[in-house]
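So, here's a batch of structures to check.
Shared between the two complexes below is chain A, which has chain B as its partner in the first and chain C in the second.
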Partner chain A sequence: MNKVMSNKAVIALYVLPAFILIVALIYGPILITGYYGLMDWDGIGEMTFVGLENYSQLIQDGQFWQSAKHSFLLAFFSTLSLVPYLAISLILAGKIKGSDLLRKIYLIPMLLSSVAIAQLWVKIYDPNNGMLNSFLTMVGVENPPSWLADTNLVLYAIFVAILWQYAGFYIIIYYAALKGIPETLVEAAKIDGANPIQIAYKIKVPLISGVIKVTVVLAIVGSLKYFDLIYVMTGGGPNGASEVIASYMYKKAFDTFDFGYGSAIAFFLLIITLVVTWITRKLTASEDEVQY
Partner chain B sequence: MAQTQDTVGKDNSILTNVGMGILYICLIIVAVFQIYPLVWLFQFSLKSNAEVFGMSPFALPQEPRWENYVRVWTDGNINLYFFNSVWITVVSVLLTILLASFVTFAITRMNWKLNKLVLGLFMVGLMVPIHSAIIPLFAFFLDLNLIDHPLSIILSYTAFNLPLTIMILLGFYYTLPREIEEAAVMDGCSVHRIFFQITLPMTTPVLATTAIINMIYNWNEFIFVNTFISSDKFKTLTVGIQNFIGQYLTDWGAIGATLMISIIPILIAFLILSNRIVEGIAAGSVKG
Partner chain C sequence: MKNAWHKVLFSFALVLMFALAACGGNEEESEENADSGENESDSSKTIEFMHLWPEGSSKQHHEIVNSIIDEFESDHPDVTVDVEILGNEQYKEKLKVLSTSNELPDVGMTWAAGFLDPYVSGNMFAPLDDILEGPLKDKFVAGTAEAYAIDDVTYGLPLELNITPLFYNQRIFDENGVEVPETFEELKEVIQTLADNGVTPVALGNKDRWTGSMWYMYLADRIGGPEVLNNAINRTGSFEDPALIKAAEKIQELVDMGAFINGFNGLGNDEAKGYFINEQAAMYLMATWDLPEWTTNEDNPQEFRDSVEYTKFPTVEGGEGDINSYVGGPGVGLFVAENSDVKEEAKEFVTFFVEKWGERSVTDAGVIPATVVDTEGLDLPQMYIDILNDLNEASNLTLYADVQMSAGVADVHLDSIQALFGEAITPEDFVKQQEDALAAEE
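Coming up: the complex of A and B.
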């Protein structure tokens, strides 16, 4: 047994192709990003070493900080949106009829490409022929705003599309976790006279705190990485009002061919993602994972 | 169900019913919010410009203009993008699943010292943002002459989906009994035969889950194709429709038809395999 299953050559044959692939295409590149960040490079010509110049430029770049502010705002709102998702999941998991169908309907937008979602919402927000403004005019709103062209509203308009896209994702996660709670615990609480809201608050939510923690990290880190949807919907505009870190990085690298500066932003994004993940996990760490 | 209702709401069953009614209405409003934009998209994909610009956006198409679909399919290159999406998705999914199965088999079934460390390295890949790797990846493929070559996206899809795929497979492999494999070893079976003829067939259910999840990710992927591919003949639907819409900005019917064509395969897959998709999403996220 041991001989056959410890054959080193076979192990290498099975593991190495995948391993080489992730080292070459994931780990190598993220390290090299940090290195490119120290260079002045247009992507084609010679690289010149400029030390920390890109990073000091980054610190003084108002446009970058504006993008970072937008990314963090989206992260904040995405985290807040977890509360209604959790509430919906608690209702759905409470043995109601049709919860299976509802869950699946909620999930559909999440399965579509961000490009399709972005293009659809561009049409929904169309000032003249879009669904939203036609509805607002119908109910008597005069001069409804021109959502994606309005620098004050554009980020919130995008956030609604993000809500639409991800609602089902979080609901599915919470639902699966809630279904994993043993019936006996809930039944015991009922016998002790707890009402459904108490059961939800004091028993179910604490029991899935581990999963909630994961979703908080997912929501924050996911928001910091938003790209496709915003890039397609507004391209970061108007006038930078919806620019986020990833879209700003992409523009610098692939539109203005400043690969060195783009890499510095990308490396910053990586560090910030790792730090935020770590902080979130620390802050939301309970003494011990609840056991049941 | 009846029993719990009785014990909870014996005294105030009217209140409970009203409460339940309100909850249901909330749930249904959310469902309408989630589904109606797609219904609306389908409607305007069948309209003419005169209808879009001259009538209420909520009006049904006067007579469905299926020719919008025919027109974009052939004139708009959408057929080409569609078939590119299909074959690139299929090749990437097969490659990802095969490589991930090899790794998961070696890690859970074979005996070697570094297996936990290697598994850890694969799992860290789950946290890496694609955007932080995209510039060096571009330079790397440029060096290999793979820019504007489909291999660049196939390899990228495979690499970036391996961690998640391995994670989903892992849960299944741990629950799989080893007795059959042990018996096969006794009978003098080679490792390859055990893997291909015993273990791999036993994992079919979880392979289906990972396949559908991978398919959705690859079908919808945008940033790699947008960055690595420049000629029309290799573009996939996400980037293709983006270009197409750039050219037909005011032709709502054409845009709607293109978007519908891009999402129909996903919707069909969802109708057939919704349980697997739900399972895959739940399994793939929670343990992260």
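Coming up: the complex of A and C.
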């Protein structure tokens, strides 16, 4: 068998199916999207080559930059939210009662489909009959805000739902990583007189720093290309107050039949994501992996 | 060694099998018509038909379609009709996606004017003038099939016709001692009284934006007459017409009075309708496609259905529009794909469909068809008879603005509407944005 595996032709044979799929379904469309981005095309009729015109339009498009700002805000809050997730995981991974049950509860939102989550939160935020405003009225708030209709609040209202949706995902990753830390290290620290906070801060967190870096990249990239809840809950409205890059791209390509421009936005989004990922990796790179 | 090669080949085949299985996963999505697949033979032809009336949300429509298809198939034993059903929004998306890969179904549903435009300029839809000149001559209500024409060639056959009355809840009106408004001033008094009594005057789901557009269109019509908005859109006039600015001011007047439900810019139309059905709002401006909700739909309480009445949109004092002018338009229509390999059969099918639909849609589904209906002897709820009769007296029918406009401009219009209602822009900026968008497209 070893002989077979070192045969180049066999390796190629094994790699081929996955390779074909990934080229046909991922890299091919990316290139094609880049190509469409250079066109003036309504998605159906003739294409005309316009060079970089779509991109120069994009640079001057105030709506695009506003949605980009919203995407980056989401990335910022998603990254920030990793801190409480990590704290929760540290507590869950410690030996507390019911940690198994709690872990499952945190994971439940991950199991729901995005559209169901969106509908759920739309109902919660309903300005007149919604759970949230009913509660606020009950505790004596007069004129509670009309969340999804309020241009100042809508973005943050949706962020709450998004962060809630992904909490379980990150908690489960951290939890698994923390469970992989050898018990002996923690015990040794205890014998040396370290308190739980010191153990968490000085031993556990450095040991899973690799995982933390990965989650930071995941959170940032996931936020930059985020689409689902925004599209279902507000469609980017009111007046673009909750538009993000992906929903703006979708709107341009599929609602206004401007496929060329939509493709340009998509390609630009890819570039932004690549650059940001690279920067994030640079910033979080450390000299050595921590080992004890 | 030979053995090892066998293993390699076997595992390779296994991998390939999974890959193929994954590729094939989508096919179950298309909902086959239960009876269609049976008598397939080599000579049989298949018409792919895509429509947007799923059994769950449009039961009666769904049943009429199925029975028309059954009838057609039994008349044409060599033709089978393959049906795929999607909800409204998904349908629109899928049609766009299919058209980009030139894989439109043989027969499908389309909307008039602006929606049609890119498909026609992309040469995707077949001209249907031969049907209009032939079997369906003079069958349509005047002005309906024309909405599907581009440069005098018709590409769609309308199925529905909708006008937009102002529905109101008589019980709430009585409780608050207000009369049905006939002028804008009276409408404002009604709204003021209701608002003072803590009743939500108007249910409006302006997340969907076209809902607010109806209010604006009516005010534009009542103030400037039926042609002002049309002219602005077809570029014989300007969107910066004083009447169009004034209409925008009136909208903000209503918003300031608290006419529309709290948080309307974040509510979808379905949610707004829910408020009206729950009798939490007194008025609701909506097209006649919702008539079954107020008359026959058993899901809504009888007392509610009894208290819903309708009125024509009030006139504005000193305005040029008259009360018999309506905002509305044909709803969906049927198209035949230009690259269909069963074009003749497809055309035969749409002709058959339009005829049968016209005979049955009002009585069975409560949909006003675009074909002429003889109300004599029809067993219908009174509201239908009244509206069908109003339709005969209509002085004008203004097609929904977002349907008249091309997709790009329609989006600007709808966004501006939402901003206007949200008081994020002034009436002057509101008209300017749309004038700029329209001018840029000329």
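Just so we're on the same page, the second predicted complex is superposed on the first by the 273 of 292 C-alpha atoms of A that agree within 3 Å, B and C clash if a C-alpha of one lies under 4 Å from a C-alpha of the other, contacts with A are read in each partner's own complex, and residues count from 1 in each chain.
Note that in this section contacts are C-beta pairs under 8 Å (C-beta built on N, C-alpha and C of every residue); 3 or more make two chains touch, one makes a residue touch a chain.
Just so we're clear, the structure is a prediction, and the values are computed from it rather than from any experiment.
Taken together through their common chain A, the two structures put chain B and chain C in a clash.
Legend: residue contacts after superposition of the two complexes on their common chain; A:119 is shown touching chain B, with no touch to chain C. By the touch criterion defined above, A:239 lies against chain C but remains apart from chain B after alignment on the C-alpha atoms of chain A. Between chain B and chain C, B contacts the larger number of chain A residues.
Of the two partner chains placed around the shared chain by superposition, chain B is the only one that A:91 touches, whereas chain C remains out of contact. Using the contact criterion defined above for the overlaid structures, shared-chain residue A:189 touches neither chain B nor chain C, since it reaches no partner. In the superposition on chain A, contact of A:154 is made with chain C only, not with chain B.
Of the two partner chains placed by the overlay, neither chain B nor chain C lies in contact with A:205. Within the superposed three-chain model, A:181 lies out of touch with both chain B and chain C [touch as defined at top]. Once the two complexes are overlaid on the shared chain, A:276 sits clear of chain B and of chain C alike.
With both structures placed on the common chain, the touch criterion links A:26 to chain B but leaves chain C unconnected. Between chain C and chain B, the overlap after aligning on chain A sits in one stretch of 22-30, 256-264 or 292-300, namely 22-30.
Common to the chain B and chain C interfaces on chain A are residues 1, 4, 10, 13-14, 17-18, 21, 43, 128-129, 254, 259. Residues 1-2, 4-8, 10-11, 13-15, 17-19, 21-22, 24-30, 32-33, 36, 43, 88, 91-92, 95-96, 102-116, 119-121, 123-124, 128-131, 134-135, 164, 167-169, 172-173, 175-177, 190, 195-196, 211, 214-215, 217-218, 221, 224-225, 227-228, 232, 246, 249-250, 253-254, 259, 262-263, 266-267, 269-270, 273-274, 277 of chain A touch chain B in their complex. Residues of chain C touching chain A in their complex: 1, 4-5, 7-8, 11-12, 15-16, 19, 93, 96, 99-100, 118-119, 121-124, 200, 206-207, 209, 261-268, 271, 275, 280, 406-408, 410-411, 415, 418-419, 422, 424.
Touching chain A in their complex are the following residues of chain B: 1, 4, 7-8, 20, 23-24, 26-27, 30-31, 33-35, 37-38, 40-41, 44, 52-53, 56-58, 99-100, 102-103, 105-107, 109-112, 118, 121-122, 125, 127-140, 142, 155-156, 158-160, 162-163, 166, 182, 185-186, 189-192, 195, 216, 219-223, 227, 237-239, 241-242, 245, 252, 255-256, 259, 262-263, 266-267, 270, 274, 277-278, 281-282, 285-286, 288. Residues of chain A that touch chain C in their complex: 1, 3-4, 10, 13-14, 17-18, 21, 42-46, 122, 125-129, 146-151, 154, 234-235, 237-240, 251, 254-259.
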